[in-house]
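So that you can tell them apart, the chains are marked A, B, C, D, E and F in the order they are listed, and the count of residues begins at 1 in each.
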Amino acid sequence: MTRLLDLPALPVGAHVQDTLLVLEVEQKSSAGGGYTVLQLGNASGRIASAPFWEQDQPQIVGIRKGHAVQVIGEISEYRGRRQLRVTTISVLPKESVDLTRLVPSVGDVSRYWETLDGWRREITKPRLARVLGLFYDDDGFRHDYERCPASIAGHHAALGGLLKHTVEVAAIARTVARAAGAEPDLVLAGVLLHDIGKLESYRWDGVFEYTDVGYLLGHVVLGARMLDLRLDEPDEPPCTEQERQLLLHLILSHHGKLEFGSPVTPLTLEAEVLHWADNASAKTASMGDALHEGDAFGEGLISQRKFWQLDGRRAYRGASDWGAPPAGA
Amino acid sequence: MTRLLDLPALPVGAHVQDTLLVLEVEQKSSAGGGYTVLQLGNASGRIASAPFWEQDQPQIVGIRKGHAVQVIGEISEYRGRRQLRVTTISVLPKESVDLTRLVPSVGDVSRYWETLDGWRREITKPRLARVLGLFYDDDGFRHDYERCPASIAGHHAALGGLLKHTVEVAAIARTVARAAGAEPDLVLAGVLLHDIGKLESYRWDGVFEYTDVGYLLGHVVLGARMLDLRLDEPDEPPCTEQERQLLLHLILSHHGKLEFGSPVTPLTLEAEVLHWADNASAKTASMGDALHEGDAFGEGLISQRKFWQLDGRRAYRGASDWGAPPAGA
Amino acid sequence: MTRLLDLPALPVGAHVQDTLLVLEVEQKSSAGGGYTVLQLGNASGRIASAPFWEQDQPQIVGIRKGHAVQVIGEISEYRGRRQLRVTTISVLPKESVDLTRLVPSVGDVSRYWETLDGWRREITKPRLARVLGLFYDDDGFRHDYERCPASIAGHHAALGGLLKHTVEVAAIARTVARAAGAEPDLVLAGVLLHDIGKLESYRWDGVFEYTDVGYLLGHVVLGARMLDLRLDEPDEPPCTEQERQLLLHLILSHHGKLEFGSPVTPLTLEAEVLHWADNASAKTASMGDALHEGDAFGEGLISQRKFWQLDGRRAYRGASDWGAPPAGA
Amino acid sequence: MTRLLDLPALPVGAHVQDTLLVLEVEQKSSAGGGYTVLQLGNASGRIASAPFWEQDQPQIVGIRKGHAVQVIGEISEYRGRRQLRVTTISVLPKESVDLTRLVPSVGDVSRYWETLDGWRREITKPRLARVLGLFYDDDGFRHDYERCPASIAGHHAALGGLLKHTVEVAAIARTVARAAGAEPDLVLAGVLLHDIGKLESYRWDGVFEYTDVGYLLGHVVLGARMLDLRLDEPDEPPCTEQERQLLLHLILSHHGKLEFGSPVTPLTLEAEVLHWADNASAKTASMGDALHEGDAFGEGLISQRKFWQLDGRRAYRGASDWGAPPAGA
Amino acid sequence: MTRLLDLPALPVGAHVQDTLLVLEVEQKSSAGGGYTVLQLGNASGRIASAPFWEQDQPQIVGIRKGHAVQVIGEISEYRGRRQLRVTTISVLPKESVDLTRLVPSVGDVSRYWETLDGWRREITKPRLARVLGLFYDDDGFRHDYERCPASIAGHHAALGGLLKHTVEVAAIARTVARAAGAEPDLVLAGVLLHDIGKLESYRWDGVFEYTDVGYLLGHVVLGARMLDLRLDEPDEPPCTEQERQLLLHLILSHHGKLEFGSPVTPLTLEAEVLHWADNASAKTASMGDALHEGDAFGEGLISQRKFWQLDGRRAYRGASDWGAPPAGA
Amino acid sequence: MTRLLDLPALPVGAHVQDTLLVLEVEQKSSAGGGYTVLQLGNASGRIASAPFWEQDQPQIVGIRKGHAVQVIGEISEYRGRRQLRVTTISVLPKESVDLTRLVPSVGDVSRYWETLDGWRREITKPRLARVLGLFYDDDGFRHDYERCPASIAGHHAALGGLLKHTVEVAAIARTVARAAGAEPDLVLAGVLLHDIGKLESYRWDGVFEYTDVGYLLGHVVLGARMLDLRLDEPDEPPCTEQERQLLLHLILSHHGKLEFGSPVTPLTLEAEVLHWADNASAKTASMGDALHEGDAFGEGLISQRKFWQLDGRRAYRGASDWGAPPAGA
């Protein structure tokens, strides 16, 4: 496999001939006429095209957000910003492209599976293990789950992000469960099931988007539905009705409060543990992402803008090595 | 040391001769006359006295909430509730009593110190270790810290509760830090310092209460003040001014939002990690406590009342062994 | 069938020999000793028993909230309040009693069925009619639906209250749909399905209460689950997947906002119509109930207390006949 | 009367010679110089002018938002959007134009009057009928009321919108009143009076805007004031003081909550009915409007933007004919 | 005039023969039977009666909250609390009693009038002075205004409280106006008019209560109505329509926010000044009252309960004389 | 000193040769190419430069927000807006410029000092006077305090704004204290200390900005820290520990509520007075500022936009002279 083109690092003058993803098609107008700019990206990042003026429109007819395109061009500079002056551009059939090279990705997911499957094997409750196996021993489920992002544009918004997030939540939830005296197997089950509804509420074959059913029913209820459906499938129900209700409650209550989209609030210790572990992973990931948005900081230590994913807070990236021991210590 | 009297388990007719704590002095009135009931307790739990009628008042003259008393009496029953019919009661000097036998306690704290001190020794940053040592190598500080409760009437409201809570937050925060890529030493420092203000805002020599300065300044600011004060003491400042600000920020922002009493919101990754780890420990402990309030459930699985410490939620104590493997599995 | 005993109207001295429901068993204490009061009721209203003192306890051993009891006694008066001085009381087997005589009821429900079934027959969309028939042509469903209350203690908290509420919502929703240009058949389907989850989340065989699954999953999600289940039953799916999603969306969004317990907000015109029609029926019924609580008003026109079911508002019962035409008009 | 020019349907190249309304005068700047765009509209919709460059400014000197103008020009296209290239434009005196051709309108209002007046004639309470007649038998009032919009830019924002909204609220309120057992005549009176304050708080002679007194006092209080004023006029007061207070209460409380602008909350059943009927009409009309904004949906079923008039919700326009009966049914 | 009986200071054994006000008639029950306690008060404070048992009821037949009664009795003590053992009690005709001796009062109001009238005379704007004179030169208005309390049970809840509050708001508003550059005459007019609606929304002839119209329309709108009414009375309008609107805006917006009951928010500098001056007087008076509730503090400096009038805050009454200068200063 | 150039009043064609401050460096793009506009200002106001095109860039290399620059140019007009066509521009060393001529300023501050120092001399409590003197008798403190703005972009955002605000708060607080019976010396102390933290949380040497420590700790806590620090300095503590806590409480609670950034709420009467006086000065100043933004109003009396500093309210600038006495008065 050829090396991934490092878009953010290409110098002015570099020649480009590669497959990229159309992230956005922006129509702009000016007194001198209208023009179009394409936002192009791959897993390394993104770059804007030079303007396509009225006379260049035939080049880009039919090109839409989400298309994979074969591009030939050169990096130029305009007012201090690099742009990609496109010579040739053509749409590629979706089947012919490797999506993991075109969108952000968490990379190799096998390590996440190893961790999760290992923890899953430690479960000592037969009926619980059996329920989880309905999903996690199913190759189709694993195929989707290891690709799905954990959010559209927030935390872990990358291919494989949901799996990575799941491992994080599991690690945190196990620690919290130990401190709180919660039933560890049930907590792990909650972690493994809480976000399965995202497989039906997100679309990640190109640009990340909500599906219609994602808007209409929401990932919380979709997850509960998926569990209900699988539990009705086997000839013999793998668990009791009360056990099923406990698992559904874990899924439905994991947002913690009605106003965050959970139709019921956590009533069990395991549901409470799951909720806080989920929050801890999601919110700290968002802060980490914000701190990595270099252009948000300029030359200062405090971000020049407020981050929507931090509910409008700023971030501070001052650090210290706490270095030399104080004299005489 | 004699065995602790197990108040909740004493049968009717049992003879009592022991030291107890006066938790509450309740004046009640009835058409038949006024009477007084004492709520008496020790580390095992609590029991109400039989009424002291008008003619019994001389027995209890001068007895106040928070007093340790020597009691002789017998367990009787009234309308299905056990009560302690007191024959003799007298106030003991505070110095002569062992407080850990009279109030709820987390028990032996040495294991918590071992864990915390072990983690502290792993810190690789000399100036940071030095700052923490100003507190955690100070015997007076350790004496107080291992006794202080983590709250007056909520989570970890027991002697040593603050230390136990600190170990829990540390364990959780370390896991979250690993997932989020936060600086682990700084996170641990935040954990160790975030609640030190409670040493000045709580009083635990008998009944747990706020101090006046606890009301006037609050434990969040008191903690920051204590850090400032210690850092001004040594001949040579153990850390830089920017480092001091980062530590103060960790303390001040650990409640996460202004409306929860933090004058600033978390701006660093380490502050964000600390906030969520603190929450995860406190909130799941509250849920665990609620589930242990047996009398809140009656014969059902859902609590008959809403818990204030869960923001008005109920709790569910249904459980399952997820037992026998499903047939044919 | 004998006439229903009119509890609120019985004069002092009246002899009572009838079947009543135990609504509450209240333990009270006084300096003179403990005593028990039973709140007893039937469909006409409620009355308190005279105290059962310590020596009377054998009479009421084993009597619990929700029991139907055969009572012999006499109406007496105490401090201006009537009470039932009980001579004999014994528990009846639940099967032997007619519940509609013991709890509030909306009365004969056949008129509600006639209205609803009539409107249902006007539906012109075959697949939609078929889906509704899965429930509304099912005798078991009708048996439950015509008994279930619409709430535990709020609006339409009576046997048959859910059916009465459904007819009201349907009438209002049809009018709103006409004004707003919504699809009337789909609106009616939403009305008929929106509260079916209450059949599983309430218990009404005696005192009205939530079921455990009612607490764990909530009536909103339970209703969606019931629809999913029935739609999976028939050999051939009665509607398309998109149609199923639209119906599930109607159920899930009918509370209108996340903080009111809907995991998604209304996205279609029909869901919006359903939400406001449901609100209009529920809220105005609550105001009507408040105005009928005679003892809340004393001699004034403004209620002396604030009603919880009106979010803490008071009510005003001043009225006028707007009578004689003004002179010279 | 000549046919109304259908602005949204005019093809490129079409010649235009007609009276239009200036909805907005937009100053824009570009590196190539500043330019002006006029938003022009009539009752059929709106279209933007081609830019007026610096040299074209004399053409549009003195033209302001709200002016009626006589325009000659031609439809051209620029970057896929149609625009009106103006050759000649001149301001017309307001008296010479027919406003109903220039702004959105609900069309012929006589059917709304017929419905409302019919319902009004059914009122059986003499003094109430007399009060309503002070407004609804007054030609000046009717002249204004049948023109006033129901909002500036939200629901029923069209000439005659207030009258249409009133009929909708009346129809809904009558149905709700029947279900809730409210006094129907008083409810109708509330409907007819609740929004009369908009006659003084809106201006609709061209662009819809708030008046100064609309900002200073608000339509809720202005309506109450108008009622007070009229009731003071007749020689003999048409109703009692208590009756007047009930009517004022209906007007003042119809927003339902303080935070929505009602200085008092509904205390009577009739006020509660009015509030929910008003809401049902307004909110479902807003959803209907959103679903008609074709350009908000692109090619999808879910709107690409969130609607401010739906408090930031999206809308879904998927539909079905629920068509063929399922096989075998 | 005889001296006012100092109820809070009467020693046990003191003979009482005086006129008191019945503040509350409390029915209480106990196992020994029901009994009645009267809360009796005068302008100096309040005291509870000893219980009236069943056999004592004829003594108090017909006595209601708000009655003025002639009482003969003696101060006794019960469980450390003084009570008034009543020998004779009889209702007095309302006309025969001096209300200012029976309810809390701000005392002689002439100094407040002097201040306010003095400031009013400084007004230099003829039409404004004329409008204010419609009220403040009217003896009937002054008679009511100098008696009305400023609230039912919160700040300045005393006879004359509204006048005292008005002087305070005026003093503060004048200072704020000077700092903010607001028109001082208009600010004073706002102060004088903002609470006139309380004359119609409160009743103070005995116990302080809301009137029905106070509930139905609220004092904010009632005040605006009173102004409108007076302005319509004179043969020639004393001010222009725009001026009238500005005054109405001052009244209507003085609560500052919709959720506090103002139907419009302040749009002028004078309205903003009035709002904050009103708040400053009301809120600090509430804090002052709380600090004077001696029994809320016990022996501590922090109140043992949270005050509803401070939105649930506690209060601290620690003080210092900041006394001797520090040594060497 | 030469006269300050009156930027808002310069006519087209005027020659400019003066020192200005760079308030903003704006990069803009157009189809014709990118360009840069400088926002330039002095204490009189601000003006935009004409565009610097690609070829003009060398002129402005290295020029940043906050720089003082020497400018030669001429006022031209473009689309009705005046702009400064720059011929020569060069950066000046910060030391060489007089900041009070370049940024908004409250002007001569000596009158504010006279007032404040006068009031301070009236303090009769020796230890309190001593504490205040630690700051207000310190020339360094006075040097900073008389320059610091009271906010970055809100009320009193001018050099010397904090001092002016302090005088206003003091004047208001003294009046409120008198009405509420608060201790006047302590209130004055609170006024003088409440905002001292702004000296460390703001930067005003050019553009007004937050410092990093301002973001990390906030001005409320910074102020408390500054007081603690100074009180630890003298050989003998100038006040008792309890007195220190009361002063710290005044600073920490002055925002009144947790959600406004105070970690504790006011518990003393003096803290309550301070809070409302601070609010009254700040909020009315914001309204005054809004009314002075002439361009927000166009030709109307109601502002065409909502002001962020008024929480999204509009403002009304209608006024009257309340002029001629009404006829016959």
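One rule holds for everything that comes next: contacts are C-beta pairs under 8 Å (C-beta built on N, C-alpha and C of every residue); 3 or more make two chains touch, one makes a residue touch a chain.
Worth saying up front: this structure is predicted, and the values here are computed from it rather than measured.
The chains in contact with chain A and with chain D alike are C, F.
Homomeric contact chain E/chain F is classed as same-residue, with over half of its interface positions used by both copies.
If each chain is reduced to the centroid of its CA atoms, chain B and chain C end up 44 Å from each other.
Centre-to-centre separation between chain C and chain F, using Cα means, comes to 60 Å. In this assembly, the C-alpha centroid of chain C lies 39 Å from the C-alpha centroid of chain D.
Multi-chain contact residues of chain D (touching two or more other chains): 30-33, 212, 215-216, 246, 249, 267, 302, 314, 316, 318. Per the contact rule defined earlier, chains pair up in contact as A-B, A-C, A-D, A-F, B-C, B-E, B-F, C-D, C-E, D-E, D-F, E-F. Looking at the complex, you find that chain A touches chain B at residues 125-128, 130, 168, 171-172, 174-176, 178-183, 185-186, 236-240, 242-243, 246, 249, 265-269, 272-273, 276-277, 279-281, 283-285, 287-288, 291, 302, 313-329. Across the interface of their complex, chain B is touched by residues 212-213, 215-218, 220-221, 224-225, 228-229, 232, 245-246, 248-249, 252, 258-264, 267 of chain F. Those residues of chain A that touch chain D in the shared complex are 27, 29-32, 34, 54, 210, 212, 215-216. Taken together, the chain F residues at the contact with chain D in this complex read 28, 30-33, 35, 51, 53, 78-80, 300-302, 314, 316, 318.
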